[in-house]
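First up is the structure itself, then whatever we jot down about it.
As written, the chains take the letters A, B and C, and residue 1 is the first residue of each chain.
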Amino acid sequence: MQPNVNYSSHEMGEPAPHKGRPKVTLKNVMKSYRSKAVENLLALRDVNLDIRAGEFISLLGPSGCGKTTLLKIIAGLVSFNEGRVDIDQDPVTEPSPKVAMVFQNFGLFPWRTVRGNVEFGLEANGVPARERRQIAEEYLELVGLSRFAQSNPTQLSGGMQQRVGLARALAVRPEILLMDEPFGALDAHTRELLQFEMLSILERTQATIILVTHSVDEALVLSDRIAVFSPSPGHITEVLDVDLPHPRDQAVKALPRYTAMRQHIWDALRPKKEIAP
Amino acid sequence: MSRRLPNPAWTLIGMVVVLGGWQLYAQFTNPFLFPSLSRVFYQLWVYASNGILFKAFLSTLQLLFVGLALGSVIGIAVGLVIGSNRNLSTVFMPFVQVAYSTPRIALIPLVMLWFGVGFNAQIVLVFLSCVFEVITATDAGVQQIGKQYREVARSFRLSRFQTFVKVILPGSVSYIFSGIRLGMGSAFVGALGAQMFMQASGLGSVVKQAMQSFRTDQVMACIITLAVAAAILMSVMRRTERRIAPWRVEAFED
Amino acid sequence: MERELSAYNVAIARAGIIILWLAVWEVVGRTDPMLLSYPTAVAGSLWSMVASSELFGLLRASGTIFICGWALAVGVGILVGGIVGWFRPARLMFEPFLNALYSTPLVALIPLMVLWFGLGISAMIASVTINAIFPMIIMTITGTRNAGRDYLEVARSFRLGRLATILKVVMPGAFPYLLVGLRLTTSSALRGTIFAGFLIPDRGIGAALRSAGEALNSTRLYGLIMVVIIAALFVDYLLRRGISQIDYTK
């Protein structure tokens, strides 16, 4: 399975066997904004992370800590000021064909049917119509929405719309799947259901998955590793291995290991109080 | 309270109140100032039977349609170009806004000076009356859709052309339609104004003749005709929009 | 995507466009001064209008009519719209008519005002009012209705009396809609003022525009159009300032 090397924020640049070479490398990444209010708003500060092929890693942190910015940097949608961002050792300058993204507000087109939306990425890549349709239907089946292929996305519930978004992203068979708080716009109940559903959907893919979330539970349930962010300016304070058993289901939340990790992360996220000596 | 009666009943009562009230008032005032309902409808009938109504209606409709079509086509084209480029939009939109704020009616003497009083001159006026509405709405649509779907389009690595054709164009359609609807109201006013002051046939000139002959009943008959015409046009517009672009883009609208 | 121009560059671009247009007009205009005139002549004409206080007279005449008509339209419009919007039977009875009237090109009503009020100032004010009042009524109806729908339960849960509800809840709640109505009303009032001036010979800008056109006096005509544009912009500016003072949503 995965090599037993602990990639943490401290061990970098070690020549690893081919199988274990990181899919995505972030090295000393810094991002600042010129905003109207503040001269130089530092969004990300010295971010270092190696993301392994095929793993599911969460970027976890409070609002405004820059985790979404980092995701968009990996997606090639946002530029960065310093450091290196590589996918398979190639620097990222623009959105890579190996990457697909799922958005918090779904980003579906109301002028296309559900199937039309799923086909969108394939269309952009020039896949011929018959093949497109087949693939789209395959993925609609995967997310359980075959029945709604001809419906208008605005007629679907939030959870269903996000599943369409997921199908759309998966349809282009990405090597890396980026998800920006995909359940943020959903109610708590739908969110939980969809989380477990997504796990079983993603089981079928080999993709590397990077999830941005502010929910500790979500990160623990879904991921193999969690990169914990400090509040703005964003910086990875800790990378944890989530050594909870697979397959993950509701029962996993009852495990003592779960509770322990949860507590640990909560402590890590709490603002450090400086006690004067 | 008033919860007993169903809605249609109230509407009926409303009609009775308004029409009855009119008739009553007409009895007690100068019939020249305020003709009775029967006189107005009689006048409508006269208009209709000697073909004036139909011809005038058609003439106004033709002018409106051509001017609006021209204004829409050019308005959409300009709006698409300006909206696609943020710098162009920032620089040029204020000029469009200035044109939008001035009452285009004031340009009638200018249009007459430059283009005379023929059909072409009238079209110019109608065109000017509606084009800026369409430009503004199209620009707003393009910018809004661009902002909303920018990241989605880029994440799928769409070229600029693909983004324009597959995302911006379909997404802007509902904005464009509301712009044309707005433009239609202004165009109608422009058409009427053009027909009133330039040598023209059509409902505008009929109203003017009625006014100059001091025929209140005729003026009112024209107003009713115009009201009906406007209602028909609006409903046609809405139906067309529903056929072509049944979706509504879920975005906040100013 | 593209780099955004700085505010300075934008201002330069806009100024450049205006200067270019004036320059082209000046050069091309001199080749056909009868039809096209040119900026310097127009400026001269405007200046003499200012000096002879003719401009002042025009603005005063049209301005009075505009303000009276506008104020009537807003005041009566809000009142009528408020009543119709608040009482369900009134709304159901009259809304169809109001909607029908609103969608008609309201300038058609101006000849009616002429027949009713003669060719004087009251006809002009009536014309402006009748043009401008319908947007106000319609938007007030919508606003009252929506404010009622959204906030009535809140008011009742705090056991607010009728009058207090109207003053403290419904009116502020309807406010955003009233603002939209105000903008529509103002542009309709401007349009009505000019249109009425075409039909009724008075001392205002509309009549002046018409006579300049008939006399084929292009220079004076262009000057007057400039006045109209600037007046419209000024009214727009005043409206925006006024609104921002009382707007609570920003």
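One rule holds in what follows: a residue touches a chain if its C-beta (ideal position, glycine included) is under 8 Å from a C-beta of that chain, and two chains touch if they have at least 3 such contacts.
Since the model is a prediction, treat every value here as computed from it, not as a measurement.
Trainee: Make each chain a node and each touching pair an edge, then name the shape: line, ring, star, complete, other.
Mentor: Contact map by chain: line.
Trainee: If we define chain centres by averaging CA atoms, which chain lands farthest from subunit A? Would you check?
Mentor: Centre of mass proxy via C-alpha means gives C as farthest from subunit A.
Trainee: Relative to the centroid of every protein C-alpha atom displayed, which chain's own C-alpha centroid is closest?
Mentor: B
Trainee: When the C-alpha atoms of subunit A and subunit C are each averaged to a single point, how far apart are the two points in Å?
Mentor: 52
Trainee: Report the inter-chain centroid distance for subunit B and subunit C in whole angstrom, where each centroid is the mean of the CA atoms.
Mentor: Chain centres of subunit B and subunit C, defined by C-alpha means, are spaced 17 Å apart.
Trainee: Where the CA atoms of subunit A average out and where those of subunit B average out, how many Å apart are those spots?
Mentor: One centre to the other, that is 49 Å.
Trainee: So which bits of subunit C are touching at least two other chains?
Mentor: none
Trainee: Which of the residues in subunit C come into contact with subunit B in the complex?
Mentor: Residue list for subunit C touching subunit B: 1-2, 4-5, 10, 13-14, 17, 35, 87-89, 92-94, 96-97, 100-101, 103-109, 111-112, 114-116, 187, 190-191, 193-195, 198-199, 205-206, 209-210, 212-214, 216, 218, 221-222, 225, 228-229, 232-233, 236.
Trainee: Along subunit B, where are the residues that touch subunit C in the complex?
Mentor: The touching residues are 1-2, 5, 7, 10-11, 13-14, 17-18, 33, 85-87, 90-91, 94-95, 98, 101-103, 105-110, 112-114, 185, 188-189, 191-193, 196-197, 203, 207-208, 210-211, 214, 216, 219-220, 222-223, 226-227, 230-231, 234.
Trainee: Enumerate the contact residues on subunit B facing subunit A in the complex.
Mentor: Going through subunit B, the ones touching subunit A are 149, 151-152, 154-158, 162, 166-167, 170-171, 173, 245-250.
Trainee: Going by the contact rule set out above, which residues of subunit A touch subunit B in the complex?
Mentor: Of all residues in subunit A, those touching subunit B are 72, 75-77, 94-95, 97, 99-101, 103, 107, 109-112, 120-121, 123-124, 152, 154, 172.
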